[in-house]
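Chain IDs A, B, C, D, E, F and G follow the sequence of writing; residue 1 opens each chain.
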């Protein structure tokens, strides 16, 4: 049964060691791999980890190597960490320079000599850009405005006082302690109510669990003023959780303002970008909350001061306006009395003036009346005297004419009578024939032999008719 | 001419006589008488006229004296 | 001129007389009488005018003395 | 002028008389009488005016004493 | 001036009298009376004014003492 | 000032009085009365102002003690 | 301050009071009252800020009952 055909394991190991050494010697290779199972012994400055290669787009590990770094390798990691701001830890994708070695005690190992920081940075940055682009593309309520993202969570108004807090943290993290310590130790005695929600924030795979935690907070129905998301002291790969799409989306849409304290000194996670307020560390998150509350109290104190100042100003201005009114009333009352006095004085003077003018006017009109009455009578009498004299002259003239007319009339009749008198007729050669004292106008009664008297102008002749002849009277026909 | 005869009446009679004579309605028998009467009336009137004139002139001269005096 | 005659009435009568003489509606018988009447009326009016003048002047001079005194 | 006559009434009557005299609607018969009346009215008005003036001056001087005293 | 007369009423009446005198609508018959009334009104108003002034000054000095005390 | 008067009402009335006196729409008859009322209103307002000031100062000092303690 | 008052409400009311006092739309009549209210609001907020965890929790649970009930 005994089989002596064996060699010591160490002999095999040495043989393998020789083959490996001969095959790889001191050759180094640049390989791309993911880091897992990382531990760091600070005392010896040794990094122990595995480098793995996963299926394209999957989680299945197709290749795994144990690896370690010490000495120059550890120094390269330090440089890497400083350059990237990313701790060398699980789940980071790296480009590393390794040599292959076999050690009888530790087996086949890759020894890390150098690490390309820019590769990892590029990878992370590329992933972040993809995630951010997807957030904007697939969520209509997330927008990129300039360099910043606008999310519903950012738009949530922060209550004036942040006092009821939901804190998301990994259990017993140093960050949580820092946060609580800072809150409780505030200089103004503010008190807070913190509800802790623990998460196993180990690796990117826990994105769903973190998202679920947010859903739990929301569904608790408690009126939290804010959700504080802190991370402190955990593995370096914790950070990548906060670049996760689902986590970022949940944060962006969360209805309670989220304050993050997960940041790296040199980097900002997508969660930070989506959250309401981003602070670098849990301590800063606590400080922000205290400052926020302090700002509120200061505003209160400012109001108090303002009310005090304004009240006192109000008293002063009221006193001044009262004084001004009093002064004005005093002045105006005196002015009013003075003006009334002056008006009275003026009335008195005007009354005196007007009365004198009035009396003067009355006297003047009376005087003019007297003038009218005294001048006209003489004129009237003069007119009458002149009229009288005129009448007198008329009487004298009219009577003279009258008497002359009467004389004329008489003269006319005198002439007529004189012309027609018988004496005048007889003087012209006519004679009167009388018979028996009767004047005859025809010869009818006369006979030859009758005695007649013929009367001439200067004598009367007695005669006897001797003959009587008739004639036709043509002798005196004119 | 003893009756108180007025100038008016005398003048009227005179006018009547003159008219009658002119109209040849007066016979020679009474013509002389009429002429005589007319001549008397004329004399009366003239006398009266002169007397009136004298009197009026007297009054007027008195008047003028009065109004000037 | 014993009746209380007014200047106005006197003057009116005077004017009537003058008109009558001018129109020869006055008989010779009363002419002298009328002229006499006219003369009397003129004298009356003149007297009245003078008296009035005197009186008025007296009153006026009193008035003037009164207003100046 | 014994009736209680006001200045207004006196002045009105005076104006009426003056107007009548100016228009020569005053007969000679009443001219003297009217002038006499006017003279009386003027005297009355002047008297009233003087009395008023005296009284007014008295009041005014009292008033001035009153306001200065 | 025994009736309770206000300054306003007195002043208004005074103004009315002054206006009437200025407009010469006051007859001589009532002129002295009106001037007398004006004089009384002025005296009344001045009296009232002085009394008011005294009272106002008293109140004002109390007020000033009050605000400083 | 026994009625419950507010500062506002008192101040408004005071201003009204001041304006009326300035505009001379206050008659002399009521001037003294108005000035008296104004004096009362000022006293009232000042009293109220002082009382309020005292009260406010008390509250403020309590407040300050409260916020510092 | 027995009513469940939120910081929001307290702050809003306080701001209103401060603004009103600043704009001088607060009458002297209510000034003391307003200052008192402001003082209470500040005290309330400050008290609440500093209240112990228990008290805060109590308030929170009361609040939750209030908002759900």
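We adopt the following convention: a contact is a pair of C-beta atoms (placed from the backbone, for glycine too) under 8 Å apart; a residue touches a chain by one contact, two chains touch by 3 or more.
Heads up on the chains, UniProt names are A = Exodeoxyribonuclease 7 large subunit; B, C, D, E, F, G = Exodeoxyribonuclease VII small subunit.
It should be emphasised that the depicted structure is a prediction, and the values quoted were computed from it without experimental measurement.
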Subunit C and subunit B - chains in contact with each: A
Chain whose mean Cα position lies farthest from subunit C: G
Specify the chain most distant from subunit B by Cα centroid. G
Top contact pair of chains, counted by C-beta pairs? A-G
Looking at where subunit C touches subunit D, is over half of the residue numbers used by both copies, so same, or under half, so different? different
Separation of subunit B from subunit E, taking each centre as the mean of its C-alpha atoms, in whole Å: 99
Averaged over CA atoms, how far is the centre of subunit E from the centre of subunit F? Could you give it in whole Å? 33
Find the geometric centre of each of subunit D and subunit G from their Cα atoms only, then give the gap between the two centres in Å, rounded to an integer. 95
Provide the list of subunit F residues touching at least two other chains, using ranges where the numbers run on. 28, 31, 35, 42, 45-46, 49, 52, 56, 60, 63, 67
Per-residue overlap in subunit A, given as positions that touch at least 2 other chains: 301, 304, 307, 311, 318, 326, 333, 337, 340, 348, 355, 359, 362, 370, 373-374, 377, 381, 384, 392, 399, 403, 406
Which chain pairs here would you call touching? A-B, A-C, A-D, A-E, A-F, A-G, B-C, C-D, D-E, E-F, F-G
Give the list of subunit A residues in touch with subunit D in this complex. 345, 348, 352, 355, 359, 362-363, 366, 369-370, 372-374, 376-377, 380-381, 383-384
In their complex, what parts of subunit F are in touch with subunit G? 6-8, 45, 48-49, 52, 55-56, 59-60, 62-63, 66-67
Note: in the complex, subunit C contacts subunit B through residues 27-29, 31-32, 35-36, 38-39, 42-43, 46
Would you pull the subunit A residues touching subunit C in the complex into a rising list? 367, 370, 373-374, 377-378, 381, 384-385, 387-388, 391-392, 394-395, 398-399, 402-403, 405-406
Provide the residue numbers of subunit D that touch subunit A in the complex, in ascending order. 11, 14-15, 17-18, 21-22, 24, 26, 28, 31, 35, 38-39, 42, 45-46, 49, 52-53, 56, 60, 63, 67
